[in-house]
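Report on the structure given below.
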Amino acid sequence: MGEKKTLNLPLIGNIILTKGHSVLGIILGIIAGGILILISGVNPFDAYGAMLRGAFRNWASFTNVLVRSSPLLLGGIGVAIGIKSGLWNTGIEGFMYLGGIGAAIVSTMNLGLPPVLYVLLCFLVGMLFAGVWGAIPGYLKAYRGVNEVTCTIMMNYIAVYLTNWIVTSTPIAQPEAFYPMSLPFAQATYLPILTQGTSLHIGPFIGIVVCLVFYFLLKYTSFGFRTRMLGYNPIAARYAGVNSKRQMVIIMVIGAMLGGLAGTIECIGLRHRLYMEYVTNVGYESVAVALVAGGNPIGVLVSALFFSILKAGGATMAIETGVSSSMSSIIIALCVLFVVGVGVADEKSASARKRKAKAAAAAKKEVAE
Amino acid sequence: MDNKAYALKMQGITKRFPGTLANDHITIECEHGKVLGLLGENGAGKTTLMNILYGLFRPDEGQIFIDGEEVEIQSPSDAINHGIGMVHQHFKLVDTLTVIENVVLGLPTMKQVLDLAPAKEKLLKLCHEYELFVDPDAEVWRLPVGQQQWVEILKALYRDCKVLVLDEPTAVLTPSESNNLCRAISKITAQGKSVIFISHKLREVMEITDNVTVLRDGKVIGTIATKDATQLKLAEMMVGRAVEIERRPRAKVPADSEPVLVMKDVNVYDERGVHALKNFNLTVHAGEIVGVAGIDGNGQRELAECISGLIKPQSGTIEIKGKPVTGVISDPSFLGFIPEDRHKTGLVLDFTVAENLIIKEYMKAPFAKKGILQYKEIGSHANEMIDKFHVKTSSKDVAVKTLSGGNQQKVVIARELNPEPILDIASQPTRGLDLGAVMGVHDVLMQERERGAAVLFISAELQEVMALSDRIIVLYSGENMGDLDGDTADQAVIGQMMLGKRI
Amino acid sequence: MKKVLAVLAVFLITASFVFAGGSSEGSNDMAGSVAMVLSGLKTDQAFNQYTYEGMLRAGQEKGIKTAYMESVKDSEQIEVIRQFAQAGYQTIIGQGGQFGDALATVATEFPNTQFIFSVGNDTYGLPNMSAATVSYKEAGYVGGIMAANATKNNKVAMITGVFYANQSQMRDAFEKALHDVNPDIEFTAIETNDWADTDTAYNAANALIAQGYDILFPCLDAAGAGVAAAADDSKGKAMVVGSVADYAGVYGCKAVVGSVDFNWEGLGYLESTGELCDGQAHEVGLANDGLNITINNLSEEGVAALEQAKNDIIAGNIVL
């Protein structure tokens, strides 16, 4: 009887019901994070209040959220299309490094190109580098049966050390540096700052557009149809004539190129140099983003922004209340755990419900007979 | 009290899965020191029953008695404690561990340090006793498949089982290994232990068992003493259908009809290395239905898959209308293929009905233009197909997994046959369907024949093969046993051929 | 019912934050306030911890407000520094060579805030940005005096990870000290390419000892233990002059002449007091208590020469 009196909140209500796992998991993650904050001796309401202020106090603080969302959006989509096609792409971390390397090589050369062209060239080379890098695990998975998770994680390490080598021992390394870094990039490669006094560059908007494009691509194109078919039932996909091996490589390369673009944007948008170990787990966070989003591009949009709020607000929380700065990462991890956990629990209880319903039906039938 | 005579009795076991009744009040009885054969085709309910016995599933109804006492088996460890040993069709061994480590794995022990010496001694004694020789220190992955099976059997014997269940044990054995197994089984029963022997190979069942229970469609068809049975009788019990299917009237296929499918000396080995098709030759002409009879698992799946290009034959040639098959054929105007497993192969269960209707044509006009899906076209096509093939569904936009089995099959048939292919392969198209749906499928295949398509109809149901086919070939152990005329073929003759007799 | 509950829960939680968000803290006195941005953990028992403790000491002594943020990643440097500037901190210290560009970016946006690039020497030409580092040159010179007075074969070697700016300066000053004492001393300097790999350092040190080098001058992180072990294993053939760490204290090295390491706590303290905010690049050395010198096995003449060199540096008689 409560059903009919439900408040008419179609949007929020439906999101909560259809994305029930994610929303409930996130709420539980935030509550668990609050308990940890409490244990560390800070009032969790103060802490979360500081977090929200840090993210939403004014436009300048919201730009922090946007800037942080840029790599999560792009990387999250890279992982999400993998999930849609049944591939676990855990290589975004490495692809970002390769994107950074590509951008660094081009932009330290001072080609004297006009800014727009130069930036596009950086994007292109960054994506190319990462794409070639991504083709390796893609090929190994599709044609040699190597587990893609192991392979991409291994290659992430190689990418980290490759970057370290490039910023210490190659001609594009800054000589006599106090910290391993490349030469400064050419001014023409800098992404324009959209709001003075902030770091807001076009990266987050590129990320948002990419999310929408991939939503369309998956839903409304034959490429997307093929991808989803491969993810839902690879045997049927093969039967329907899909070259599933080639498709796997393509998906991995696309994911890699998105990761590469994310890395390029981080380099030419923020620091204007390539630094040693500059990615620091953002690639793995994008796996979490895609996981919470359930592989849905629109979900990626929402969860990337949510994670960015946690991260940007988390910095303010640490500054204002003295909570450890790793707390935002912990809360993100808790959210992911609970989202996955709620999903599993829900599946179990659903099958238990089914069993009960069936038993009840059987009992009824017997009585009837 | 009278149950006491049985080492194991399962009474009135019923197990329902969504949409199917896997076990319908099944009762089996296994005497002390005897071998009970459990005979039935794939999907007859043998494996479900054994999984219930082993505590992997809980029955919805029914009781289990061991030595006359009712027991509750909730998990495999309960089953082991009650003296039940199980050798699954797919072994449950840890490949990287040694034989002895696998044998002791999971045994309760109070010791913190693993002392294998006494275990090894006991194992070697068992090896000699049953003449199943394995090296206790060999790593399992290095052993040939036959010896891995010895390990499974020894593992059960090591736990002092009273009832040993062997699920299709000879499927992976060479003939001499099979002989070893027979010898071991007779030694096991000589000690008063009981064996349940699951198989669909009639000859072995005749040789090894004392009693046979035949299952079909989740029900017990009958239990007879092996000495009173004949292979033919068992085969009839196994594949027979309660309802007689009438032979469909048809015109004679013209003799000059062009050959559409031509297979020459095709050899296929499956993923386990078993020789699944042996020097196979077959020609199917336009406008005829060629039925493939045979007990399930004699190469039918490989036959369908190598024609459709899903698997590559090791040797021989396959041509469709003069074109050699080189890869997966996805052109629906060329080949219509109703695969034997619609859930695994024929459908994407999470896709909607409309999407499933275009999984082979999603990238072609009118369903896609310049790579963009045309949902309007896809939708109207779906509605058209739903009407034409009488698919019962609430909407074209519901996931196909919500449909009943018969309606799912209609979706597959609509997709495969509506484009009017020149060759149809229908592999077990009526399996799991109720009679009405079966008749519907038969109608469709006859219409295809009238249209002039070449139809290869593979079925384990002899009745329907005989009812529909213009020609009948019989598959036994991957070999084409002979080519018979559909009008004059005799059920008894085909039955003999299905058991490997050349006539 | 479920739907209503879910909506309610979300609203309640959101609302609770908004209310909590309303209670902003009272504006404390920000005069002299200082914020420090660390790349690592403030409990790392090394550079990050000691500079942080220096800031705490300054805060207590001078009664100024302090704040910090640890484990700041590369991509968030600018944002965090900007947040401190927006919060009104008057001096912001970036603790480490990787913070230079980020500090300079924010310094142009906040001309009334002072920025200190710590362990760097580049002020990017900005009036409100200063740089401060410990004097690797002076440490090198002091080490060189000890080495020159301890070598018997007149063969001395320096071992480091990679010659970044600081290590190069240290090497040049070290070599100058050697030759100031004895122009005939043979000197070599090698890179191991790994600051923490003990095995590599051990093998490199042994190779040098085999070539007759009897004084080793390591400038390494954890890999210093390898050099210490090689000297101890050489049965008197070689000794260590330590840098960056007290080799007798930290690595338990026996064959050690002495060590010169940096007073990070002092550097953090100096930066936090505001004395360095003048738009210049500073080197904190012997004159302002920036170096710790430990003597373990040095002849009397050696000790005397060391004292002399220290005084000369402080007095400005030796220019490095």
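Each chain carries a letter (A, B and C) given by its place in the written order, and its residues are counted from 1.
As a convention for this text, contacts are C-beta pairs under 8 Å (C-beta built on N, C-alpha and C of every residue); 3 or more make two chains touch, one makes a residue touch a chain.
A quick note: this is a predicted structure, and the numbers were derived from the prediction, not measured.
In this view the innermost chain, defined by its CA centroid being closest to the centroid of all protein CA atoms, is A. A comparison of the A-C and A-B interfaces places the larger number of contacting C-beta pairs at A-C. The geometric centre of subunit B is 72 Å away from that of subunit C, both derived from CA atoms. Centroids of subunit A and subunit C (each the mean of its C-alpha atoms) stand 35 Å apart. Spacing of subunit A relative to subunit B, judged by their CA centroids, is 44 angstrom. Across the assembly, subunit B contributes no residue in contact with two or more other chains.
Residues 2-3, 6-7, 9, 12-13, 16-17, 20, 23-24, 27, 30, 45-46, 48-54, 60, 64, 67-68, 71, 168, 176-181, 184, 197-199, 266, 270-273, 275, 277-282, 311-312, 315-316, 318-320, 324-326 of subunit A touch subunit C in their complex.
On subunit B, the positions that touch subunit A within their shared complex are 16, 18, 60, 308, 310, 328-331, 337, 339, 344-351, 355, 359-360, 362-363, 367-368, 371-373, 375. Remark: subunit A residues 220-226, 228-229, 232-233, 235-242, 354, 358-359, 362 touch subunit B in the complex.
In the complex of the two chains, the subunit C residues touching subunit A come out as 1-4, 6-7, 9-10, 13, 16-25, 35, 67, 69-80, 82-84, 86-87, 96-98, 100-102, 109, 119-121, 162, 164-166, 168.
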